[in-house]
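Input: structures, listed below.
The same chain A turns up in both complexes below, where it pairs with chain B and then with chain C.
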Partner chain A sequence: MDDLSKASHIASFGMKAQAKRLRVVAENMANVESLATTPGGEPYRRKLVTFKSELERGMDAEVVRVRRTVRDMSDFERDYNPSHPAADAAGYVLKPNVNPLIEAMDLREAQRSYEANMHVVTISREMVGKTLELLR
Partner chain B sequence: MDFDKLAIFRMARMRMDWLAQRQKVLAQNIANADTPGYRAKDVRELNFKRMALDAVDTAPKTAVTNPAHIAGGLPHVGPYREITERRTFETSIDGNPIVLEEQMEKMSRSRSGYTLALSLIRKNINMLNTAIGKGGG
Partner chain C sequence: MAISSINSAISAYQSAARSALQDAPSISKAAPPEGESFAGLVRGSLEKAVELGHKSEEMGLKGVAGEADLRDVVMAVNNAENALNTVVAVRDRVVSAYQEILRMPI
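And then the complex of A and B:
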């Protein structure tokens, strides 16, 4: 594999990782109102992805992969609502620890990184195309 | 005819090889833009003097005086060595020094360098065509 194809290939790994991150953000956003089903139970807990760089031997390059999705262990917010089915003995309902603003920023960042990887693919393809033009 | 015998083609090809490798390294940086603890990489700048020397004469080879001898020489390091960059624009809290803008700027510079080397090759082919009487296209 030549270096330019490798560049596109590495970028595709980056896009895959960022897409996974987007998926997790979407999951968080969708579950922003997911409360517990049992009295005093835990509501939806925010998820996070962590990245790691890994040596891809075939290409002799460090590609990015999602290490794993972890749970955000920060505290839940509480609302006083005794009539709610998920309310505990004191009448409080726990709310998911998802902050839509933080999620929106994470989304933006993922999008920006995704675009950067996309750009790498475009430029590499363009360079290959120009090389092939020498044949004409 | 072997284009590689002409220094200009060989040098243009070297430059393109170098730029392609740099493209790979930059792609690696961009893919790892959000990886905690990743170190930014780059390819060492092409040394023109070295490149010119490489283009003119090749590394000395050991003499082969017996059919059982293996032709060898100094290992060719190649002008393109990957290095870890120490000085970048900034480092984020997770220890990642990749700034997308910086990488993008490098990448577009690589692209224009690549285009330059390519047009150099094209012009020289045209010149050769003129010399053999086909007229420059």
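And then the complex of A and C:
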């Protein structure tokens, strides 16, 4: 495989990884109000993606993949709301440990990273085109 | 490797043009070189391009059905386009070289 094709192929792995990350951010954002249904139960726990580099044998290049999605084990916030079905004996309801501001930043970061990888694809495409232009 | 096969293709055409001039005794008739011919080169690379084109169509259909990753579809189409562009560029170049030889004053 040509190095320029390899470059865009590697970048496509980066785009895939960032797309997965965006999906996880979307899950967190959507579940910001997902509470438990049983008294004292746990609400939605924030998810995180971890990346890893992996050797792609066919290309002899290191590509990025999502290792796995892990749960954010930080503490839940509490709200005093005795009328809620998930309220514990003291009347507190646990809220998901999702901070919309952090998720917004993560969203931005995923977008920028995706765009950077897309730029690699565009540039390598352009370079292939220009090289072939030499024959014309 | 590709350039050397193009060179051999051009020399094949040169020798073909020479052998066409049967009446001119001063030009020696060279036997066409063994190995890849221009037609073979074009056919081989075009078949490869067509195969990639089929793959990209397949991926496109899968993408529409929501089965394939969008980025894989884009990459497949991109690869097919690249392959076709390369074949067309090489063919154009060799054909223009051939025409140049045909226009050569005898």
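Assume the second predicted complex is superposed on the first by the 136 of 136 C-alpha atoms of A that agree within 3 Å, B and C clash if a C-alpha of one lies under 4 Å from a C-alpha of the other, contacts with A are read in each partner's own complex, and residues count from 1 in each chain.
We take it that a residue touches a chain if its C-beta (ideal position, glycine included) is under 8 Å from a C-beta of that chain, and two chains touch if they have at least 3 such contacts.
Everything numeric in this text was worked out from a predicted model, so none of it was measured.
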Which superposed partner A:R108 touches (first chain B, second chain C, both, neither): neither
Contacts of A:D3 with chain B and chain C, given as first, second, both or neither: first
First, second, both or neither for A:G129, with chain B first and chain C second: second
Most chain A residues touched (candidates chain B, chain C): B
Touching partner for A:K52 - first (chain B), second (chain C), both, neither: first
Which superposed partner A:H119 touches (first chain B, second chain C, both, neither): first
First, second, both or neither for A:A19, with chain B first and chain C second: second
Footprint overlap on chain A, where chain B in one structure and chain C in the other make contact: 8
Residues of chain C touching chain A in the complex: 69, 71-72, 74-75, 78-79, 82, 85-86, 89-90, 92-93
Parts of chain A lying in touch with chain B, wherever the complex brings them together: 2-4, 6-8, 10-11, 13-14, 17-18, 21, 50-53, 61-64, 109, 112-113, 116-117, 119-120, 123-124, 126-127, 130-131, 133-134
Contact set on chain A toward chain C in their complex: 5, 8-9, 12, 15-16, 19, 121, 125, 128-129, 132, 135-136
Chain B residues touching chain A - in the complex, by the definition given at the top: 16-17, 19-21, 23-24, 26-28, 30-36, 38, 100, 103-104, 107-108, 111, 114-115, 118, 121-122, 125
